[in-house]
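Quick one: structure below, then a few questions.
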């Protein structure tokens, strides 16, 4: 579970979206070994505090002996004043059930740093959704190894950091990036960032990193997926959003989508079609991450879809 | 809620599918006005009885003042011997919360009557899935206004009733059908049955009726949807499974799907493409109905998808 | 056939996209009564001129007695100098076969006016794609009945005209719009323009008008489709791009797409999901129109897809 | 190009389907180096013979110096009596243009052998579509390494050959199969046949072999794709129909499709969902192969979709 990132839940969707602008919507996310009494323990704590449960998604990885993942949104009048009380009620059971858990107001916004190189479609899509209120987050920084998109980003009132990355000075560049990020962001979004982050960077950044890969993984992991898709003659091309791990393109998959193509589509056209899939898949992954809908079990994700 | 049909839950899917062959998987379905304490009341009843909750889907139609719909599958050792105890625990709270509810072993199979005319694709698809073990139901009868498919159905060991329907003797035919059905089936599946059932029939049959319509309703309600889709030049054709009501093609929608078509597709080809959509959409609707995943709120459905 | 709009073909996709930056790619579009000798007549004219045919899409509305629609892209060395010759070769057969036809260099760009109100997603998507080189067009103007998006549009270097539309002075406003458009644009794109254009406007503007409607027409024609989709409980929502005609939401459909939704999605969330469908469907329709891939037969379109 | 299989075109779809029952619909398929004069040469031969071209699909693998693939359906009165004349007209140009070509009446039916093991869904789907007239082919034999499906196949009036395949006697079994097939079928369809065919078998059978693989290749090539899809946590599962080659799961892809799944789907459920994708993708591939819509260029296919 990626709960230790310090990330805070933000606005929900659907029913909860209505409530999300209100101060009194809370969100509980937890993971623990599955045991018979656990749901009753959790639900009764919420009920005793007067919470009205709006959504209550749960998944157990096995009928018996599995691990339980749970996410709930609830209404509790005067939530800001009641949070301490509710948290102490949860603490009563957390140790017994060996829970990892987090309970926060839905109004709390996650802070993100967006990494980008020169392709702007995934970045622009996030900025635009953020401005129109679809993505309840604070953008701490856009970080790029190129200066090209500075003016574009400035128009959104977001700070832009150009940090060159050269083979000789990669460690130095990563240190520069870490100085900007550590302790200041809740997650990092790689919006077609064309540099490979080192294992050390991922270990030290202390926050989940979401990447968008331009193929339906595990097919065409690695470089030039559209060229290879064309060479292999596939009839569908796709994109995959996943958490970055040290094993390139092997991290837990959050979301994927595909579109049909024909023999007529050359790599240039696949690239154009692919941009639409990439930005949509990426935005969904960020959206769900922001709302704490994505929980990680081993190398897979549990995603409690909003709609 | 269509809970009064006497229909019983059968096999689940995913995790619950594993358990479904076991005697000790139970299923609870309920609907009631949403109130803060309700989930705690239900979950604690299940916990007190020793049940281990596998799935727990719930939906409230509004953040406050809505109606709650809930479906849970759970493991309870020696379920057949424990059912009475568990039901009486539920009865303790059912009246206070004004619940409609049903609690049954997942091994109980719903009984169905399938109506068909001459197009056999939806019927055969159900029969194949049933024989292969995908659909945990007992087929009480196949009823047709034509004799054409008798041998086909006989090969599956299912009784076939040919009941002619003429304009002059429609009431008589429906009476004949009702004699076969009332009290003997839990639901009726209209597998491209080309006769309109009267309001009186629907009122008297006392069981939900699932219909498949060959368009993406509400577009092209009524007759000849593929011809009209062609005339209107749509780029997608579809099918809709819904509960039949007295208002033709207006009942609650259970499932829909579409496929892309081009200008090249004439009505004959749309019909061919449409058959694949129809049978798949219909089979999903029946599958979900069998597992009590489809709850009706006003003229809409809540569908707790299996996978 | 919308060939009389004076619109000129621009860049193609796929193979032709490669060639489209070259001066020597030409495009022929024609419609006429289908007769046995016609393809031979056309192909031999192209061959006699030395053209190398890259794509040759054709469709006849009936095996015999139908109407033929044809679109071809070809390579012809020194095309600009050869156009007159090629056109006179076509004229030799055009009258005999009763053809409507157009033959132009693929480098010629159509001029568009984009109409918008306050929702910016369809507009921005077009502007992004245009700036990135996906849409080979010249944007003559953005016209809006609100001043809100002026700065946004200015950042793209595109002129913005704010023309208020009030019930009392609608005719005056339309006259103002016509003054801007007539003879200066090849087509108009309504990017969620929330005013109904009069039949007189459509008659006088002298160019095709592409509209995006936020439902899978013919379902939910008219106002508030997402609210009505929610009320009807559909499981798919969609969008439709079509040529505007005097009959509101009844014009020839160019493109449609849908996405799956569940009972959890309220009208607000359907609207959010719908925005992604709208902008994608709209951009595809504009893209295909720009490349002369969309031909109109009665109230339907023939779309020669690029990929 | 797989034109040397001796396979004959059968019924078309859409417009051509209407004509396909008529004796006077012909089909021309060809491949050759792309040169400027070629289309004119072909079209004028057809026109000179009096043929009315209904469809005329072509694709060149490069704007210059590519290879041309072409497929056309046409009406020619008294076709059976005119075939020799038309073929000799084609022969006039075939050598000059270095063409591989085939010209046949659309009424000629390809002969197929279907291989199957124990999973019956792909087999039944083909048999059912064949019986209802969707697939215009003659089924020469169903061949299985198990006796299980004999009665099922017999009900369709199709001969069933049970040929056991043991590790010790695989060569012998393949010889037995070849005795049944060589010279008697135009193609082989592997409907979830769970044995690997040897390179020698593929070389000697002298007919294209279509296989259905239960993943979206190239992801999860090899064994147990649904288990591996579950372990990798993909959000889409799929199936791929391809021509079998000596390199397992590496042959030219004809068709692919996918469906969305969630974390809830265990391998058993993925298998169930996958069956629907497999049978649909497989049936499409067979359908298009029957109508000579699938042409092979290097390791990719050109598919001229029907609708």
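In order of appearance the chains are A, B, C and D, and numbering begins at 1 in each one.
One rule holds for everything that comes next: a residue touches a chain if its C-beta (ideal position, glycine included) is under 8 Å from a C-beta of that chain, and two chains touch if they have at least 3 such contacts.
All values derive from a computational prediction rather than experimental measurement.
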Any chain touching chain C and chain D at once appears in the list A, B
Can you tell me which chain lies farthest from chain B, using the average of the Cα atoms as each chain's centre? C
Express in whole angstrom the distance between the two chain centres, defined as the mean CA positions of chain A and chain B. 36
Between chain B and chain C, what distance separates the C-alpha centroids? Give it in angstrom. 43
Residue ranges of chain C touching at least 2 other chains are 15, 18, 262, 264, 305
Draw the chains as points, connect those that touch, then say whether the picture is a line, ring, star, complete or other. complete
Give the list of chain D residues in touch with chain B in this complex. 13-15, 17-18, 120-121, 124, 128, 132, 134, 155, 261-262, 264-266, 268-269, 272-273, 276, 280, 305-307
In the complex formed with chain A, which residues of chain B make contact? 15-16, 18-19, 34-37, 39-40, 43-44, 46-48, 50-56, 58, 60, 62-64, 75, 260
Would you pull the chain D residues touching chain A in the complex into a rising list? 59, 216-220, 231-236, 238, 252-258, 262-264, 297, 299-303, 305
